[in-house]
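Read from first to last, the chains carry the letters A, B and C; within each, the first residue is number 1.
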């Protein structure tokens, strides 16, 4: 038994005492696991670089290089950047000239709609969660639960009245409409997350500031908000990931000018009746992944610390 | 035997040397306090004994065995943490019982032993409560109870009383001392509070910047400080440390120039070996006798601030050239602000420190 | 002390400008009446006015009593009211009508839709299967996500070199668009071109088709869903693991507590709340599982879920009001389930 634990210790899988750094042994193990977990994504990214004929081959091609002869030639494809070009401009009708696909516009739409709605939800939701946390109403839990309920129904249920409503007030196909809707749908999550962050803060400092004569506004902006920056980052990332990839609302409520990438991606790969265009889908998804990947990467330090602060009672 | 010994222990965090060549040995039944200002390396030293940090070099011996490479589990020690480190999800009783699971004792015996230590530390009433629902003083006692519930090689305390208020601290000092004296184990207590060290320890090790400056009984470190740092650190009010020029030593009397005037005081015979040089004179505030007339062996200073301390009065006085002198006089002795005082130091409590800060003593 | 001015209760019927309870009551009634009686265009403006009225009541109430809670919550309430609660009420209203979105006629039928859903539909075997399948997917996907997410979190709990870069790799599946990952899973599972079949064919020497039977189809869907959303659970659990104070593990080392006991007495209490939160959000999402089913099996091989069934009825068959009735039955189930969670979570946190 002790031999086993010694072995694990050497591999960096278990570590005795208060030593927090598990060392390179752990890195090796986690790298293998992470790589396997990442494989399906990697295959999508590789597909984006495959020539059309290599996309659907038997046996499947797996790697752009033979890794110095490690991988047999039949599994190797020659990488190309052509697919990324065809995202933005390609031949749409048989024998025709390449036409712009409008994807530059769709990417722009996705970025604007997601970031504005997530930020808006963050502002409104943070104010509300501060209110719920510091000035509890009678039956606070009930209100919070009703807010949570708005996330429980399948989108399809809410969407019909929303479509009708948007048509009536002329919001369908507009930025404002879809942004408002996404804001509302992010609110529930934002309020629940941010409330738990505010609940964790000690109110002593705030009270001290009040006694020193700070206004409520100042207490909120100067004392509370700086302490939950991490939580804001975490909520932003989660909200962004969900909004970025939202499909159903976007499908039914965006017009030609406001179409987001997931909708356009779905149309691009399923149109033409030739079955799925794998390389096109993969290159769109690869490009589409980059912004949210970068945001998550740069905020991930906050992400960990943020959630920590928020939801655990100390 | 329950002993602790560290030999030439050094701890480096990158370039920073937290502990330098520390030597210390603790006999069975002895209580040693590691005393020093914050950041002096005393907690690091304790954590190296516990195995929570590994020593960069040197040996850590517990019960006579070298234990450098052993994890804390294998050292068979008990420790009280500064923040108590009570398991928040467990009741007080379960907290105290945690060290017993390893020994595999029967539930009945566990209960009996927990009951016994709870009795000693007056915790019987709160055994079913969670750590979040008891007072600071109770938390502290639970931490002690968890340490003494088993029979370890030694006890380690990291700032055990720092989170308690003054009164509680006073009563806990007594309680812990009482408990420890019945256990006859080697014990190391880390503290930055000299009163805690002076009252609880058999011996005190004073640390500064990672170096153990002096090890001695409370009496020794107070009466015979090894250097200027120890002299200034131990004792309240702080010892007066003034610079003077040593001219010569005749018949056990040192001829000095202090404050621009000659001063002759009786000093330790070892001082006669010193060449004429700059020295530091250390005189305890309580070692002055106010006399009516200036003489060869008196210091003249003017009272600037008077702080009554109850039975005694603390006077801050200033000499002509601006040296600050603290004097403690009995309550009956009335001193007015601005009054010129002639102070005669008590030879037995006067210390001479050579240029490097080391005490000159036979 | 926080300023927690609990307002002196206002008489419910006092028609004062700061009586927000009355405002909500009037607003909801007006909304209901408007949606039932007026054409959509007019109804919307009534709702807008109602929302404004409620918001105004909150603001006045807050201002008069220096009760800032109302002020802070008001914008969120207004947005949620217009974009969420109003559509919900509207669709609740619709569930009492016979209405199809592709026709103009609308007819009040009372509880008939519910009766139909609860008797005919639930009696119909296919719908029972959809319900059972949904329950099955909830159990399988959520437990798979919890287990995988938890194990991944354990791997990442300690500091080690390159942790930051490896963590982002594991988080990436969550960032993919469901359309892309779903479609690509059909490719991975494809009997001719898919990598899975290729490997299995070579191993067994037989043609391997994952999705041609129920077990395979369910496994395929559960695998894809768990792969995408385990990182969500992992992040929450990891946050809990990281938040355990280091000195507790040090104390446990000194007390010679076994790793097993350490986990249950020290680590687990810290992540319990987060596990419950992850469980709550993932269960709600799993209940709504439809997209992967549509992409991977189109409901074939008995993988129909209630949510997909709903999309078919409401969107493909245009039976809007019937769909609304089904979704409210569903909502009822989710609410019961989540309340059960929250009750258990609260009881545990109060009990300890």
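We take it that contacts are C-beta pairs under 8 Å (C-beta built on N, C-alpha and C of every residue); 3 or more make two chains touch, one makes a residue touch a chain.
Keep in mind that this is a model prediction, so the values were computed, not measured.
Visitor: Quick check for the class: compute each chain's Cα centroid; which one is farthest from the centroid of subunit A?
Guide: B
Visitor: If I average the Cα coordinates per chain and compare with the overall Cα mean, which chain comes out closest?
Guide: A
Visitor: Can you compute the centre-to-centre distance for subunit A and subunit C, using the mean CA position of each chain? Integer Å is fine.
Guide: Roughly 16 Å, centre to centre.
Visitor: Distance between subunit B and subunit C based on Cα centroids, please, to the nearest Å.
Guide: Result: the chain centres lie 60 Å from each other.
Visitor: Taking the mean of the C-alpha atoms as each chain's centre, how many Å separate subunit A from subunit B?
Guide: It comes to 56 Å between the two C-alpha centres.
Visitor: Would you please write down the residue numbers of subunit A that are in contact with two or more other chains?
Guide: In subunit A, 16-18 touch at least two other chains.
Visitor: Could you list which residues of subunit B touch at least two other chains?
Guide: 51-52, 71-73
Visitor: Which subunit C residues touch at least two other chains?
Guide: Touching at least two other chains: 247, 250, 253.
Visitor: Quick one: which bits of subunit A touch subunit C in the complex? Just the residue numbers, please.
Guide: Per the stated touch rule, the residues are 12, 14-18, 20-24, 26-27, 29-31, 33-35, 37-38, 40-41, 43-44, 47, 56-60, 62, 124-125, 127-128, 130-132, 134-138, 145-162, 164-165, 167-169, 180-181, 183-185, 187-189, 191, 203, 206-207, 210, 216, 241, 244-245, 247, 261-262, 265-266, 269, 276, 278, 281-282, 284-285, 288-289, 292-293, 296-297, 300-301, 303-314.
Visitor: Any idea which subunit B residues touch subunit C in the complex?
Guide: 50-52, 71-73, 76-79, 81, 83, 85, 87-90, 94, 98-99, 101-102, 130, 146
Visitor: Help me check something: in the complex, which residues belonging to subunit C touch subunit A?
Guide: Spelled out, the residues of subunit C in touch with subunit A are 1-6, 40-41, 44, 67-73, 75-77, 79-80, 82-88, 90-91, 94, 101, 152, 155-156, 158-164, 166-181, 183-185, 187-188, 192-195, 198, 227, 235-236, 238-240, 242-243, 246-247, 249-250, 253, 259, 270-271, 273-274, 277, 281, 284, 287-288, 290-291, 307, 310-311, 314-315, 320, 323-324, 327, 330-331, 334-335, 338-339, 342, 349.
Visitor: In the complex of these two chains, what residues of subunit C are touching subunit B?
Guide: Counting only subunit C, the residues touching subunit B are 245, 247-248, 250-258, 261, 265-266, 268-269, 352.
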